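Following this line, the structures themselves.
Common to both upcoming complexes is subunit A, partnered first by subunit B, then by subunit C.
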Partner chain A sequence: MSHVNKNFRAAEVSIPEIYDACFEPIGKSGWRSNIVILLSLCAILIGALAFAGQMYYGLGQTGLHIPVYWGGYIITFVFWIGVAHAGALISALLRLTGAEWKSAVTRVAEVITLFTLPAAGSFPLIHMGRTELFYYMLPVPNNRLLWPNFKSMLMWDVFAVSTYLTGSVLFLYVTLVPDLGIARPRMKGWYKTLYTLLSWGWRGTAEEWKRVMEAAALYSVIILPVVISVHTIVSWDFAMQLVPGWHSEVFGPLFFVGALYSGTAAVFTMLGLLLWTYPSFKKVITPVHYDMLGRVWLVLGLSWAYLFFNDFMPKYYAHIPDKIEYLYYNGFGPYAAATWFLVIGNFALPLFCLAFQDFRRSFLPMFVLSIIVNIAMYIERVFIVIPGLEVYNGLNFNTIPYTYSTTEIAVIVATFGWVIGGLTLFCRIFPILPYWELAETKARQVEVDMAGVKVNYFQAGE
Partner chain B sequence: MKVCAEYEDQIGAFTAHRVLLEKGVDPEDIEVRSPYPLSEHPIPPHRSKPMILRNVVRVFWLLGVIGGFSFLTFTQWEWGLTAKTGGHPLVAIPINAIIMYETGMITALLVTTAMFFIETRRYRQLVPPIEEDMIVANGYIALIVRGEFVEKAKEWLDGTNARQIVSYVLPLAFVSLFLSGCGTFVGTTRWDNMRQTQVIKPGEQPADSPAPFSLRMPTVAEQEVKPPQPLGWLYYGDQLAYERAEADIKRTSDDLEEQVKAGTIDRRTVNRTLRPMRDALDSTKPEIVAKKNFPAEMRSVQNPVAADEASLARGEKLYNYNCAQCHGAQGLGDGGVGQFWGGPKEATSGVVPKLGDPNAYGDENAYPDSYLYHNIVVGKNLMPAFGYQLTAKQTWDIVNYVRKLQGKV
Partner chain C sequence: MQEFHGKYQWGMTVDVDKCTGCKACVIACRAENNIAVVGAEQAAMGRLMDWLRIERIHHGHFPHVQVDFIPMLCQQCGAAPCESVCPVFASVHTHDGLNGQIYNRCIGTRVCGNNCPYHVRMFNFVYPKWPTPMEKLLNPDVTQRQEGVMEKCTFCVQRIRRGNVDAKVENREILDGEVRPACVQACASEALVFGLLTDPESSVSRNLNQNKHRSVLVHNDHDTRPNVIYLRPERDPSALEPVAPLGEVQRRDGHAGHDHGGHQPTPENSPTPAVEPTPVETSTPAAAAPASTPALTATPGAQ
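And now, the complex of A and B:
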């Protein structure tokens, strides 16, 4: 039986081939990406019309009604914020821990953050009803002497999300600068102008590399606490209320780990789409990358399951009447099917599948699984927001269940269009795979023959 | 003149770099450019000053935290955050901590970016090295030598594992103009509409006003109390007759629906019966109309609330809460919002009436209490109607307080 080296190895390609793979989609249009962009544009237009209707006729266009005053918009807000955490996890955490296999997925994750975070941030504004007055949240001196109420969790959200958005955009840009500078002389047409302007005179000297590594490390260190604060504050929007399904002490870590879990699922979905759209990426994204990220995904899934059961087991065991009513309403009420799909799709199925290395190393099953987990994580947010409000109903005569209205569906689908279309468009203009990071991994890999066994290791960097 | 050698891997470049240093080439004359960060940094000593990036970010992070703290201190000073935490001042601590944390972090992120661009441009030469760009773009490492040893360096580098060695004549220096032109924004901002003087901030919600919103159902006792009808508002139409007619239509409609189900009449008969009833109902629909001008019958209405200590205290609170923004704390028409609209009403200028001036509204015959009351309820000129927000008792309290400002009590 031959020795199988299970450690990470870079793809068997030379550095110029990595360049060709990374910059292959730039400036080219294919029917696959054209269809995606066209459908996304349609979705955005329909959503814009629906939003215009909502602005004209008011929030009555949504399915919201007292006592269910938080609905689809807030659910999707939490969902997108969760997906946006992929960027922080994969870029910052793996960069700090020096994981060599990160290089294939860092920028995919950062770009997911770039597009999902504005999508998330738009939902509280849409949900406000009078969106044109959003600037009341900003501390701008005015005649009416209005000032933000800093006692409100939603104000903290404004600060946290805007900090995270600023940080992730800058992080993405600074790590993109070397790629733009390197590729600049080989670009043609307006791409050359764009790359020249954005690369800010990058020359690739040792001083510059030292600074870009330093800046990336600083961003990682700063963004990791910010990202924890973002989703913890989002969880406090719920946990600091007195609604039975919301008021839970474990919500902070549960939301954060759930966000990383769904964010990693989104990265796998995105990677699957990329490999389908641009087959040349298969040269640099190998099953080994999938295996490594799959292990992280498995650990996150286990953590999520632990916290999830930690959330409802004490409620069940303590048997406090209103909380037990809430649990039965979830498990055996109108949302029973969704709840059990959540348990299976988010817990049983992924943890069973991901335990096998062969499964982790195969592209299509991982893509399908990532979509199931995404749907299940969306249902988890429905599970958190809606039933608590419907059960804890001070108005005993008002028992109409909440359903998504057409307007809400159109607006939510529009944000999906924005994210998917935006990512596809980004792939055409900028390198979605980080060329310099892949090249660095390749250049540092050293293979040594140790007593007949080939072992590869990576030279330590700065 | 300069020499440029091209290497496939970093080991070759490092070897060549060491060879050149051993031969006595000035480290300042050697430059290594690569498409990825190398595992060693061949930086000449005069350039390898300690990076100030980290320390600058640390300092600015601290400044961001201090800035957030100052901002929140200002907020609490002006708007009373800590004072309004329901008797639990410690509640303000986590709030302050969160905002300070986020301001510090966002400052650190922005400063990191700024310092990255400043530091990478610190040693950059003005001549863009166009020739080596393509080498780096093709994925190879470029080693460039300038200075007195150029001719010899070419020979020395021949021994190393270079793909190719090229020598260039240094092109004329030209400055990249488009990067040097930083726009300067010169302009003025007008802050005229931001005047804020002598504005009374709300101390607290008046104790006798009801909670603004409540999800609670009214109790049986509360349901029996009729809502007060403010004076100065007139009803047209008969509300009770309208409700009776509505109930009649409902009953008739239900009867006819049962007959339709039984099959004795058809749907058209139902519509033919109900439509004239509905038309008749619409014509008698009552509506509530505000009478804008001071009605003659109001002149004889007396102030039912005595101007005692309690009433004046309530009136002061309500006045500061609702009126002082325009009319001023002393009723001199000099409130902050009032100044925005045009300031105190004088003979030829201004729009805000000086309520506190005994000569302006103190004449009991020309301007009785009921006149002030009416104008508060229905509004006048720029002033909005307060009848929706204040009860009759509260309004009379304000009238009493205005009389006190005029020195009439």
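And now, the complex of A and C:
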């Protein structure tokens, strides 16, 4: 019988139970989430002060210097952009491929996007020398009679990230409206007002459902190319430059797959925290979900590993001197420990562990693994950005290594606070599990007796 | 091989044989261009902002060490990597072939500094401060840059513009040697020669033609088409190798074909010097130029 329980399709959970699980955290303030929000607020405050100091004293507050013009801010920008890709993968891709187990994890992924993308988008502005003039990059009429330089990949970045932010917020909101409408009569106090305002008079008529389904399908189709373009363009920020280690054709797919890889890791981290905070979610988020998402993670990890090694194998074969110097600098130079942690933590360990179904189905090990992969993916971005600038082109001009300064650390930690605190607050105000999608999956579940074996399958949606 | 953008193309030759590494050019550049003094602490962090610096290249082992001094300044590339990546057109190409840097437009993304193979674009990490009497000694012709913008060698564009204006007022062409950047002016050994590459009779063109066999472009594998041409030492033609890859100068000789800089096998990788088969003195300069006597009227629309 045990193998039957492994099947989510036979999960013994009724629709009212799904409702209770989904809306259980709303309006409750546990001490754990209070502490998390308080700490996040402190981090944001400290980061804001640090940024104010940077604005006042100049970028000398960072650890950057003349050959290493891009540092911790850009690394964290790429990291957050990568994590933000979770939303696209889980929501759009799985929605389009019709994977019915997706329902439990879609909104977690979308909400991660909602908070990580502004965190990512703030970094290019923070990193600018004159942040107050960021609007020079916007194509608005101005007294300088100038358009921005559309040949510059930084301009593509501006458009890509802002498009993705708009699209993912709309995507999240469209799928959130039915839940708000359904829960509105049962809410109390200001939650009722908020839900009423945000649900736009949702009544649940057939026409409204049809529109929501169509909009969700449409957004899934529209957001996928956006999402692919976003991280490809972020990779072009590097690949379009002449720096050794950056100037690589494989950066587009490498960044994209790496983003999905780290994004999925972030979803596992978030799921682990959710299951720890709200044990009732275990009714809805089962080991089957972990198994299925773990398989996706495994495939992404393998793709990432292929592209990652593909990135520097041609450099090694070609034996271009500065590229070889770059490789040795990475593997055996001051970044050797980070590099080998990256190889083990991002490649050897996860791909070995994820090959086992029992591992994929266990909550705590997957949580720990997701943390390791996230750290290793952050190191991968360090590995991409810093060494190339430090060994650039053999003009032995300045060999001072780059280190994070206190200001940079404070600002980076503040964005972590923003993401974690924002997610915690979101869970307390809005349903983090998509009730209507779970209920719909449940309602379409049909059990058929086929020659004595009970088989569950789903009626095809309209 | 390279076609000039306009009627004018300012350029420079740097004779590594003649450079003694005295750094007078560095100091002259600092004085002329109001380059901020960042102080010892910032300098130790690598935020020194010399627009022109002397690269020291060491050869050999201890008893037989040779040092070559290579003044490294903005190469004023014809196809500059810094220009295409700037999102706000702060780095632009001027009509007379300079890499302009417009401080007011710069928002400090520093992408140009990353993309420059020569590491000559400097960023103002701190607010420039001058001790009290010193701010009265600043050059009024040159903008003071604020914190958060990029700056770099301009070929002393303020002197070029002054030369343009003088020539226009007197209704004549710019004379050879009339415009000299501060570094050229300060160079005691005349290692630096500046002038119009478009004028075949200018001192820089003549210097280039006489030394064509040892002229190289730094990092020409990126096809940046620099307008600063290095003349490597006679005694040791491989002396500039550590700055490799160097490309042979392709400009202004019609028989050099239309290959792009770095992709054909250039002789600089071989240990023997790349001597042109044609006699140096009789080679016709500016074979590809539209006219052997370029019209050197005052620059239209200089400002």
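Note that in this section the second predicted complex is superposed on the first by the 447 of 462 C-alpha atoms of A that agree within 3 Å, B and C clash if a C-alpha of one lies under 4 Å from a C-alpha of the other, contacts with A are read in each partner's own complex, and residues count from 1 in each chain.
Simple rule for what comes next: a contact is a pair of C-beta atoms (placed from the backbone, for glycine too) under 8 Å apart; a residue touches a chain by one contact, two chains touch by 3 or more.
Note that this is a predicted model, so its numbers are computed, not measured.
Student: Clash or fit: how do subunit B and subunit C relate after the overlay on subunit A?
Tutor: Result for subunit B and subunit C: clash.
Student: For A:225, decide between first (touching subunit B), second (touching subunit C), both and neither.
Tutor: Only subunit B; A:225 stays clear of subunit C.
Student: Applying the touch criterion given at the start, work out whether A:57 contacts subunit B, subunit C, both or neither, answering first, second, both or neither.
Tutor: In the superposition, A:57 touches subunit C alone.
Student: Contact-wise, after the overlay, does A:324 reach subunit B, subunit C, both or neither (first, second, both, neither)?
Tutor: A:324 contacts neither subunit B nor subunit C.
Student: When the two structures are overlaid on chain A, which partner does A:130 contact: first (subunit B), second (subunit C), both, or neither?
Tutor: A:130: touches subunit C, not subunit B.
Student: Touching A:151, do we find subunit B (first), subunit C (second), both, or neither?
Tutor: The answer is both, since A:151 touches subunit B and subunit C.
Student: Going by the contact rule set out at the top, does A:250 touch subunit B (first), subunit C (second), both, or neither?
Tutor: neither
Student: In the superposed arrangement, which partner chain does A:163 touch: subunit B (first), subunit C (second), both, or neither?
Tutor: Only subunit B; A:163 stays clear of subunit C.
Student: One more residue to check, A:186. First (subunit B), second (subunit C), both or neither?
Tutor: first
Student: Touch check for A:69: first (subunit B), second (subunit C), both, or neither?
Tutor: The second partner, subunit C, only.
Student: Between subunit B and subunit C, which makes contact with more of the residues in subunit A?
Tutor: Counted on subunit A, the partner with more touching residues turns out to be B.
Student: Can you pull the subunit A residues that subunit B and subunit C both touch?
Tutor: Correct list for subunit A: 66-67, 144, 151, 394-395.
Student: If we count contacts the way the header does, which residues on subunit C are in touch with subunit A in the complex?
Tutor: 42, 45-49, 53, 55, 72, 81, 84-89, 105-111, 113-115, 117-119, 122-127, 146-150, 219, 222, 242-244
Student: Write out the stretch or stretches of subunit A touching subunit C in their complex.
Tutor: Per the touch definition, subunit A meets subunit C at residues 57-60, 64-70, 124, 127-130, 133-134, 136-137, 144, 146, 148-149, 151-155, 158, 237, 240-243, 321, 389, 392-398, 400.
Student: Can you list the subunit B residues touching subunit A in their complex?
Tutor: 9-10, 31-39, 41-43, 47, 51, 53-54, 57, 71-72, 75, 78-79, 81, 84-85, 91, 95, 98-99, 101-103, 105-106, 108-110, 112-113, 115-117, 119-124, 128-130, 133-134, 136-139, 176, 179, 193-194, 196, 199, 201, 215-217, 325, 336-337, 340
Student: Can you name the residues of subunit A that touch subunit B in the complex?
Tutor: So the residues of subunit A in touch with subunit B come to 14-16, 18-19, 66-67, 139, 141-145, 147, 150-151, 156, 159-160, 162-163, 166-167, 170, 173-174, 182-186, 200-215, 218-219, 222-223, 225-226, 229, 233, 394-395, 435-437, 439-440, 443-444, 459-462.
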